[in-house]
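So that you can tell them apart, the chains are marked A, B, C, D, E and F in the order they are listed, and the count of residues begins at 1 in each.
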Amino acid sequence: MFFNRKELQFEAKPDKPDPIFAKQLQEVIGGQFGEMSVAMQYLFQGWNTRGNEKYKDLLMDTGTEELGHIEMLATMVAQLLEGAPVYEQEKAASDPVIGAIMGGMNPHHAIVSGLGATPENSAGVPWSGGYIIASGNLLADFRANVTAESQGRLQVARLYSMTDDKGVKDLLSFLLARDTMHQNQWIAAIRDLEEKEGSVIVPSTVPPEWEATEYSHTLYNFSEGEDSAQLPWMSGNAPDGHPFKYGQPEAFGQKPVLKPGPLESHDTLPEDKLKG
Amino acid sequence: MFFNRKELQFEAKPDKPDPIFAKQLQEVIGGQFGEMSVAMQYLFQGWNTRGNEKYKDLLMDTGTEELGHIEMLATMVAQLLEGAPVYEQEKAASDPVIGAIMGGMNPHHAIVSGLGATPENSAGVPWSGGYIIASGNLLADFRANVTAESQGRLQVARLYSMTDDKGVKDLLSFLLARDTMHQNQWIAAIRDLEEKEGSVIVPSTVPPEWEATEYSHTLYNFSEGEDSAQLPWMSGNAPDGHPFKYGQPEAFGQKPVLKPGPLESHDTLPEDKLKG
Amino acid sequence: MFFNRKELQFEAKPDKPDPIFAKQLQEVIGGQFGEMSVAMQYLFQGWNTRGNEKYKDLLMDTGTEELGHIEMLATMVAQLLEGAPVYEQEKAASDPVIGAIMGGMNPHHAIVSGLGATPENSAGVPWSGGYIIASGNLLADFRANVTAESQGRLQVARLYSMTDDKGVKDLLSFLLARDTMHQNQWIAAIRDLEEKEGSVIVPSTVPPEWEATEYSHTLYNFSEGEDSAQLPWMSGNAPDGHPFKYGQPEAFGQKPVLKPGPLESHDTLPEDKLKG
Amino acid sequence: MFFNRKELQFEAKPDKPDPIFAKQLQEVIGGQFGEMSVAMQYLFQGWNTRGNEKYKDLLMDTGTEELGHIEMLATMVAQLLEGAPVYEQEKAASDPVIGAIMGGMNPHHAIVSGLGATPENSAGVPWSGGYIIASGNLLADFRANVTAESQGRLQVARLYSMTDDKGVKDLLSFLLARDTMHQNQWIAAIRDLEEKEGSVIVPSTVPPEWEATEYSHTLYNFSEGEDSAQLPWMSGNAPDGHPFKYGQPEAFGQKPVLKPGPLESHDTLPEDKLKG
Amino acid sequence: MFFNRKELQFEAKPDKPDPIFAKQLQEVIGGQFGEMSVAMQYLFQGWNTRGNEKYKDLLMDTGTEELGHIEMLATMVAQLLEGAPVYEQEKAASDPVIGAIMGGMNPHHAIVSGLGATPENSAGVPWSGGYIIASGNLLADFRANVTAESQGRLQVARLYSMTDDKGVKDLLSFLLARDTMHQNQWIAAIRDLEEKEGSVIVPSTVPPEWEATEYSHTLYNFSEGEDSAQLPWMSGNAPDGHPFKYGQPEAFGQKPVLKPGPLESHDTLPEDKLKG
Amino acid sequence: MFFNRKELQFEAKPDKPDPIFAKQLQEVIGGQFGEMSVAMQYLFQGWNTRGNEKYKDLLMDTGTEELGHIEMLATMVAQLLEGAPVYEQEKAASDPVIGAIMGGMNPHHAIVSGLGATPENSAGVPWSGGYIIASGNLLADFRANVTAESQGRLQVARLYSMTDDKGVKDLLSFLLARDTMHQNQWIAAIRDLEEKEGSVIVPSTVPPEWEATEYSHTLYNFSEGEDSAQLPWMSGNAPDGHPFKYGQPEAFGQKPVLKPGPLESHDTLPEDKLKG
């Protein structure tokens, strides 16, 4: 069960309206790595956790915190839209700044949500459940989590340079900090699990006889030039302890030739069966 | 520029048709972590790389290899559909096995592609450009890459248990091996970049004064119970060198109250302005 | 069967081109509550109606009218794009107004449709069949219809303030009126069905023994503060005739603990089964 | 800010595994009217509320409760998948029941989530932010809310007939009850707002001179036959107090003829400009 | 304006219910080349037509007919679902045929639409406005139309073999015939326009000096082997009158090296700028 | 298997940065007819080809070339974003040109990709596997291919007028030329297959007794006016050799009346069964 407290986790007050920045800020609400994604990702991972109660608790702690981040950002967007010349068509004709605002903002903020945040990214594309990752394998999923926090913090850092509003920057500062914590915690958890599982390769439960291990440590040179062979770590051992190899691609497979489809598929018949 | 060689990278020949497994196998072609995703992800990362030519080469090597993996799997799906009782309606009435096949397969394999693979996942949802990640920050992106290879290898391992076709299992063995290599290489590259950047936190280019660092190392207990505080690593230093803290959530922000929208937004008026 | 008459239901002639407003106007063509949605929604509801021929006729009347509304708006968008400086790159360099138009319009109007309307919303996101609602239960669906007409009329009202083009405003006036009619008719139909079914709760066909009725009239206070308890109607009877109650949330359920997955799921093993 | 309590709001324990029903149950998690939709819809409406604090509180109460409903259903799905013959390929060959299960379940439960719930509907389509409605106009939005609860309760009632698992039916009983409460509360709130705004037509803030009121009360007979004219309420007053009218469609508009596009659009030239 | 006549264009009566075939048949309602696509495609093309009234009329004729095809197919799907054992859970336990039906049908037909058609394809994916094509260039669009009718007729032919229901087959016979007519008409229109425009290359309005014509007639051998050079027409003239050439790919471009991003992009710095 | 050569197929160097044009150019990377679509479309068609090795080779040649076109355009977009005032918020306040750029560019180029191309169209909508066409019937698919090259070349021609950057125009010239070649080759291949199959109607494998041929050559006048009957080719033979006919629509089908749903569907009961 969830409960809500009315205060925000952190102050969310812009100094002044800015409808174009409101559009940009939507990326960290409803984008691929926005707060909707991390909230739902951690909660689904938590709900699906089997037999690792401490990690389930960590996931519920963090997922629940992220719900509150959506709240802060949605509140910020609503305030960035207050008092902006969104509907001032008559002034737009004579004032190019107002005209540029009407062309540059997300039309949904004016027409659809009536000056409120939307579950969309900065281009106006709706958030998708297809963004989130919850596989039941914690090591695999924590790698997704550190990815999400890395991409998310990167986006916050970019947004920080795209506004000079002190109130907005304060909130972004707080988000930078929380993303630092979350990167730290998922990296620590990954190290813990890699050690406990005795392997860095996910999933660690694949029996060796399932795998064609002769292909497990070779980098194939599929693009012209051998720059990648010069990477310093290529001459040492791979993280799983076996030496890396470098090789030219070979074809280990057949030249594929498919059988004709049945007549009922109405595929093109083979050349020698065509009438002409 | 790209070139194509007719032979497959590895044998892709099933022992017998199996249209239901053809549907399952689509996950690793057109799913969130299928070969279309990793191919396009590595290539876009490569094309967007700025000033790190060895890593660009590594990305082009691996992305180009993955194009060949789509090829193998598409060929496998087409063969799994050959000779299957896809259109045998009359038998379906009397033979429950044929009936179950017609209900359990992806209808697109019969109706849309005419016994060929489709750019879809195992539920028939089309592949989306929204799956891929290419941010310009290599450390952030390589974390996405190790995530993709971890989720991908996990899915291949699950598929391995869902078929007893020797030919299919051989191809899955090869994919397990290549995913092992790719996990190895992205982990090695991550370690290399973390060392070179002198930081595990992405992006490492954020000046400290941008960040509200007092919130950067605390796990807030947003869910009932303190199991997460017992995680052994919580009592030590975070990966970035500062000690982890554990805390009860506080509200650092305001209770948000939004100003009324302008009349032109046709939002509901505040309670005291309503006529009633 | 459908027939088309060449004349539009209402005049659709803008006074002058305005490519940025053409983009905004797309919301009521291909947005969640645009004319494509209501047309398809009413027609699918009509085609699926079982045993209520008068309501089927009402649905076909209204859905067919909405097809003509798409027609008017598509014609309006095409005219808003006529003669606009869409391709005048050379002037754009020196004329900031032209530059702002090229940045603020929907690029699809220039590149994809060649100065015509598209089946997209105001942010350029394609219309989706996922918007429409047709459940076979007329009372449930008529509530969806009055929702769609309410959101739709709201959006038209907002668009009215975003243009000062007399011709466009005339068409929007007509749409405001038709949305008034359609709200009126669906509200009247809802009242009719609620009375005939003898219940305001959808679906009315659920036997009482299926429902845990002790939870059917309580508002649980899941967010801090008891403002919601002060709503005047909370102290009276609910629309279905039973008194409302106000309560603090309790946990009636278990603390969930899932069993480990089978080995073949390659989920993370429970903590005590991990090697480390 | 949000907090999570470990216990579920209501018991969620199936009597036995049933992977095909796990797939069906996804509809009320990640479908158009699933719990993800209502949770996010009420929270976004709450965050965007301007000047109606009691209704904001009601929205936060209900939206927060719905987060806990996702939790119950996700837990139920995970348990429905436990112990099911998901990976038993060898038995599938000889046992048609196992074969039918492998064909009829959502492949994502086996391959992607490792026996856990996913943010998808019953057909495996990811949840979309495009489903939710939050316009800033409370009356418009509460109509959307009663729609969502009506469609949602209808779907729960249908699912109730599709399983004979006592544990699942218990949870569905609870959901039927909560959906009854939520229909009740939104209907009561709608009546309250309609009275306060002095109008049943949304938005009530449109000045009469904006609207072509001569078209506001006529049902046009766009489909053959006049069954709809026989609806009893058609002969009375509309809910906004004016009499309904019934009429044959007229064309009030022009036959549209568009001007040729500029040469740079490379549209087809008008017939008399083509070379041939 | 559109009008609806109650009779269907053609009989749509199945001999018996078949919920699995109802799912398959959805492909030609809401799939990429279903009737929703062609209806909307022809109508948008018609509404956007500039200066070619006869073709506008042809588009309106055909698009309007296709609206009636959605109607026939939606009616057919609703009847295929009547009386089917969709909710007979108790029998499903003991009767494997009923079990297979519940696993093999589209769950939306049971849970969402209540035994009615949905605006989805055969895999349950909603129809998308992204499928349709309307560019303003009639020759380009008529090529899309003949494509749609070709893919559509192909799908109808495949569905014909997947059912032995006489009533369904009758409707499919009619659709085969109408798709023949529509292929005929678009091919005839293409020939007419190619002749009038004096060119088979779209758009014909590109001045020769815009095009690097030295690359306009060469097939580059980007895949191993020269089978494609043996195609008989490769040794003759191209349809635009110039001879085809066959060549080995050359790189006419640079090896791309991108400049570093600005610090504010927080991209990875070039190798020599990294600290390590 | 695929291989990559570092040089681009053609020079891709803009004269100067232009972030708004970078957004427009995304259409031909990740739009419905962008290079991602044609590359994947030709490759899937090639992989699914059954028994026509020369055409398989042609598909692999062309699909592989298109991979290199994505590469050129992605490189061009990255360069158009270099040095642009993307993050210069402070200047934006005082310089309306910079303000218009920040409002008019794709926010993803600043926030998500860090000055790199994305797999999206010009409105920021992600590329979808739903765009591509690969049916197993070569004649049907080659019609899709000539459609894609026609729409694609049309879009390139429009983009040519929307920039005055010499470097960009050079690349667009090359693309115009390659699209000319590809239109030529698919038209030639269509003519070849039509002749070999002995029919212009796809699929040619439908037995005449499946088709209700009396409806195969009539244009029905579903829209007011008979302009379409005046098309010169309407008075001659259709491309398949039979004469075209022109007719008024008739209803050959029933007025559909559906049976009531079962109680478990909780559909609205027929009027005479309702309580009221």
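The rule is short, and it goes like this: a contact is a pair of C-beta atoms (placed from the backbone, for glycine too) under 8 Å apart; a residue touches a chain by one contact, two chains touch by 3 or more.
Here's who's who by UniProt: A, B, C, D, E, F = Manganese catalase family protein.
Keep in mind that this is a model prediction, so the values were computed, not measured.
Colleague: Going by the contact rule set out at the top, which chains touch both chain C and chain F?
Modeller: Correct list: A, B, D, E.
Colleague: By how many degrees does chain A turn when fitted onto chain C using C-alpha atoms, rounded in steps of 5?
Modeller: 120
Colleague: Computing the C-alpha centre of each chain, which chain sits at the greatest distance from chain C?
Modeller: That would be chain B.
Colleague: How many angstrom between the C-alpha centroids of chain E and chain C?
Modeller: 26
Colleague: Report the inter-chain centroid distance for chain B and chain C in whole angstrom, where each centroid is the mean of the CA atoms.
Modeller: 31
Colleague: Based only on mean CA positions, could you tell me how far chain E sits from chain F in angstrom?
Modeller: 10
Colleague: Send over the residues of chain D in touch with two or more other chains.
Modeller: As it turns out, chain D has residues touching two or more other chains at 1-9, 32, 47-48, 50, 53-54, 60-61, 64-65, 68, 75, 78, 86-87, 96, 100, 103-104, 110, 112, 114-115, 120, 123-126, 128, 130, 135-137, 139, 154, 157-158, 161-162, 192, 203, 205-206, 222-223, 225, 249, 251, 256, 258-259, 261, 264-267.
Colleague: How about chain B: which of its residues touch chain E in the complex?
Modeller: 1-6, 47-54, 86-87, 89-90, 93, 96, 99-100, 102-104, 106-108, 110-112, 114, 120, 123-126, 135-139, 193, 195-198, 203, 205-206
Colleague: Given the complex with chain C, which residues does chain F contribute to the contact?
Modeller: 20, 23-24, 27, 31-32, 96-97, 100-101, 103-105, 121-125, 154-155, 158-159, 161-164, 222-225, 249, 251, 256-261, 263, 265-271, 273-276
Colleague: Which of the residues in chain E end up touching chain C in this complex?
Modeller: 1-9, 30, 36, 40, 43-44, 47-48, 50, 60-61, 63-65, 67-68, 70-71, 74-75, 78, 112-120, 126-130, 132, 134-137
Colleague: Give the list of chain B residues in touch with chain C in this complex.
Modeller: Touch list, chain B to chain C: 154, 157-158, 161, 264-266.
Colleague: Please name which positions on chain F make contact with chain E in the complex.
Modeller: Residue list for chain F touching chain E: 5-13, 32, 53-58, 60-62, 64-65, 68, 72, 75, 78-79, 82-83, 86-87, 110, 114-115, 125, 128, 130-131, 133, 135, 137, 139-140, 143-144, 146-147, 150-151, 153-154, 157, 160, 169-170, 172-174, 176-178, 180-181, 183-185, 187-189, 191-192, 200-203, 205-206, 210-223, 225-228, 230-234, 238-240, 244, 249, 251-256, 258-259, 261-262, 264-267.
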